[in-house]
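Consider the two complexes below, in which subunit A is the common component and subunit B and subunit C are the respective partners.
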Partner chain A sequence: MSAFKNTGHLLRFAGLFVIAFFIFLIVRHFVVPKSFGEYGHYRGNAIKEDAARPSYYAGHEACEGCHSDVADKKSHGKHAHVNCEACHGPQLAHASADDPSKHKPVLPDTTVLCKQCHAASAAKPKNFPQVGDDHMPGMACKDCHNPHSPAMDQAPAEKTASTSKAPQGGKK
Partner chain B sequence: MMNRRQILILLPAAAIAWKSVLAGTPEMSPNYKLSEHWWSMLIDITKCIGCGNCVRACSQENNVPDGHFRTWVERYHVNDENMTEPVVISPEGGIHGFPATTDTSDKYFFVPKLCNHCADSPCTQVCPVGATFISPDGVVMVDRTYCLGCAYCVQACPYGCRYIHPELEVADKCDLCYHRITQGLTTACCENCPTGARQLADLKDPKDPIHEFLRTHSVQVLKPQMATGAKVFYNELDGSVH
Partner chain C sequence: MNGVEGFMYPNEIGLQWSILIVLYPYITGLVAGAFILASLVRIFRVEAVRPTYRLALLTALSFLLVAPLPLQLHLGHPERSPEMYFTPHSTSAMAMFGYVYLWYLMAVLVFEIWLDYRAEIVHFSKTKKGLVGFIYKVMTLGSTNVSHKALELDEKIGWIVTLIGIPSAFILHGYVGFIFGSIKANPWWNSPLMPVVFIFSAMVSGISAVMLLYMATTKLRGLKIDIACVDTIAMYLFYTFIIDFAVESLDLIHRIYEADESFRSLNFMVHTKLYIPHIVIQIMLGTLTPLILLAITQLFKLPEFVRKRIYVIAGSLIMVGVFAMRWNVVIGGQLFSKSFLGYTTYKLALVTKEGLLAAIALCILPFIFLYALQHFLPPWPEKDNTGVPEATH
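This part shows the complex of A and B:
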């Protein structure tokens, strides 16, 4: 006789333990996603899912393919490094459409748009061109400036009031 | 007996497996190699005009819920008699710009903020379920299907870059527009910054201009004392910024 009287109890218990272990392995095989641990302690496919999200901004290269005239004009002016969608908003729907005219972008209102960057404030860098409210009140910026190349093409003639101040680097 | 047992065990597991089979394996851009990139961003304080274009672009590109921000802009107001306690405002994250000021007696400047994509990020260390992680190309991400919304990571981030998405009830944050950078595009914020104050940079690309910039400029990261390995570099960052 062995030292233990009831070895059978222990063997049955050990048997249950082994069975439970295999059940655990089977369940784990099905429950843990295939890509878990592909790169680390996380689901590898989460990276691919994130990369597959839809986009809304097309990027300026997409615009320049068709609108080469604007791109050319812009490239010689002060706004050469301002990308198209910074002012025109997200345009992937327009750029990727079979018929882009069906997704026509809304023309921005220059009385609102230009101020977002150029409204005078002491908080802005001193060398950034800024205009105060006293510069041509009531007029749209594009009446005198081409937004794609905003240098003054011509003096605003009779519109130039003696009180108006030209925008300069620095605040008004 | 084993058959019935196995079937009972396998039924729910099979249902889960079938769901993931139906969802399919998403495809990445074929030319994109995870191991060839280590993403970061360069922010030039001297160029930021506080226009809010980056915040607007980010919100639209990433469907960021109202009142929450993946990137935002802060305006610092530093009085020279109290340099260590700046007055910081960020009205609606700066999405509509900032109120104009004519005060030239104090120092004002803008600080755009976003996830720092830390190499040793506190947020990924505290996640109890492995839902947030740093990808092999250096982007801190959230797996929305794993996240429980416990918000431990929101507390752990020393930069306040995370929030709980009010509809999905999962943690959400900047992922450097991962869907764009893997296609060879830049992020929505960098694309739409009119002054070039924000530049996406790839530290593993030897031709990236960031290397020369880091060598030749006075560059800082936020809260370096936290040793987070932050990868958003600020040019000319003022000492009062926290």
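This part shows the complex of A and C:
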């Protein structure tokens, strides 16, 4: 044992590490949620907790069940892949109600709504339809465009078109 | 990000990383640099710089204790930080850094300091009374064996720890460069040279910091500065600085030669918004001037008092220059976005969580730690002052 005579202090320091490691394991055992790692690098119970939260969105299939005429028009237009609730907001209360007319959705104001995607910006791709403030001032977008299929078959009225610029990119 | 809609890059509306994130690589760099200076004594047997050995170790420890604080302050919720250790994700560089930090703190710095000071700790545990004596007793871990053989063993183990410590210091700081260098969305940062640039600038700033600290503390204690020691540090500082300068120049030349799609935007930024911090402070004041000053001390035989003054000026300029380098990397990299359309502005707040006062407090904190540490573990080379007797057999 004489070989270890002068290593006592080193073993004690190493012992500190071992103790610290075991304390770490014990603390870890208590603080890491039991469901952690169940499905991946997160708390498994988080999925159940999320699923238990109230839903607000119905999904486009629910809308299309009753509004097949709109769905049909939309499916042929540029907004075919834009979900109904992206513009109309969460509609589960409307879709699941016994009398949907009692939870009638508020019609979006297109002068505000459309700009969220189509306001002109230099950072947007050139072929993405964009409009500046000088495009048909004072008119709502839906006066000329059907939001469910916004492409226009004919140019807007001549008197208004002469005072404004057409949108950049896309079909005018 | 309130009020932001549509196509925007995050830093087009404001900077996400403040002065605290500038401090973070600066402080970890000082740790790595100070440790490299200490390794000159242990591993490379450069006896001339021995007077700074313990001071370098304590400096590294003081700064290492403060290193995570800027991040904690920036992120908020410090109570969540242990989760990085409890449930680390292997793809998270930050989580891996947590382990590197802990390894470097406990297995390298604290262990090496403990081994080096053991004789003093045992001595003080017997001579000091009250709470101080009790703390020393705890620090002995119950072993008072300071025989020659035990101390010889400590020396050998200390050598191995330092040897492991050098790559550890490189990993500790190389990681910080890695974090920036691996962000491919930011051409100002995205460079495989970034970790190397960070390591060498860290060595330069850490060596300067310990040199200045040694000169200042010796002066404050009314003792004579060991000029051979400072000359040797300055020589190593000069050589390391040349490598640092060469690597940074290589990075710059590579960017200019490559001239990718970001070049015009970055070049304009360097000549406008970053002109003062990058060209004037970092390159002219913080790099070329101290490099020329240190070269003069190496080329010409100057009187001792002139050399000392040059070392102080060069060391101070290097500290400012390396801070400017961190500033230009962190803040400069956020002034533009991947759209390369225009620049944003960083406004340094004063009395906020991430303001100037918080940054100044974080800069002062390591010195408070160092002041406290040097009371418990005197780093001064005049061993007679501590009254430690020769090792017992």
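Convention: the second predicted complex is superposed on the first by the 115 of 172 C-alpha atoms of A that agree within 3 Å, B and C clash if a C-alpha of one lies under 4 Å from a C-alpha of the other, contacts with A are read in each partner's own complex, and residues count from 1 in each chain.
The rule we apply is simple: contacts are C-beta pairs under 8 Å (C-beta built on N, C-alpha and C of every residue); 3 or more make two chains touch, one makes a residue touch a chain.
Please read all numbers here as calculations on a predicted model, not as lab measurements.
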- request: Please work out whether A:S68 is in contact with subunit B alone, subunit C alone, both, or neither, and reply first, second, both or neither.
  value: neither
- prompt: Which partner reaches more residues of subunit A, subunit B or subunit C?
  reply: B
- prompt: Given the touch rule stated above, what does A:H41 touch, subunit B (first), subunit C (second), both, or neither?
  reply: both
Message: Between subunit B and subunit C, whom does A:K124 touch in the aligned arrangement: first, second, both, or neither?
response: both
- prompt: Is A:S55 in contact with subunit B, with subunit C, with both, or with neither (first, second, both, neither)?
  reply: first
- prompt: Given the touch rule stated above, what does A:S96 touch, subunit B (first), subunit C (second), both, or neither?
  reply: neither
- request: Please indicate which partner A:T111 is in contact with in the superposed arrangement: first for subunit B, second for subunit C, both, or neither.
  value: neither
Query: Now for A:F24: first (subunit B), second (subunit C), both, or neither, which partner does it touch?
result: second
Message: With both complexes superposed on chain A, which partner does A:F13 reach: first (subunit B), second (subunit C), both or neither?
response: second
- request: Check subunit A for residues that touch subunit B in one structure and subunit C in the other, and list them.
  value: 27, 31, 41, 116-117, 119, 121-124
- prompt: If you look only at subunit A, which of its residues touch subunit B in the complex?
  reply: 23, 26-27, 30-31, 33-35, 39-43, 45-57, 59-60, 79, 81-83, 85-86, 89-90, 116-117, 119-125, 128, 171
- prompt: Which of the residues in subunit B end up touching subunit A in this complex?
  reply: 6, 9-10, 13-14, 16-17, 20, 25-29, 32, 34, 46-53, 57, 60-61, 75, 77, 97-104, 108-110, 130-133, 135-136, 141, 143-146, 175, 178-180, 182-183, 185-186, 188, 191-196
Query: Taking the complex as given, what residues does subunit C use to touch subunit A?
result: 5-9, 82, 85-87, 89, 106-107, 111, 114, 118, 140-143, 145, 147, 149-150, 153, 157, 339, 341
- request: Mind listing the subunit A positions that touch subunit C in their complex?
  value: 5-10, 12-13, 16-17, 24, 27-28, 31-32, 36, 41, 116-117, 119, 121-124
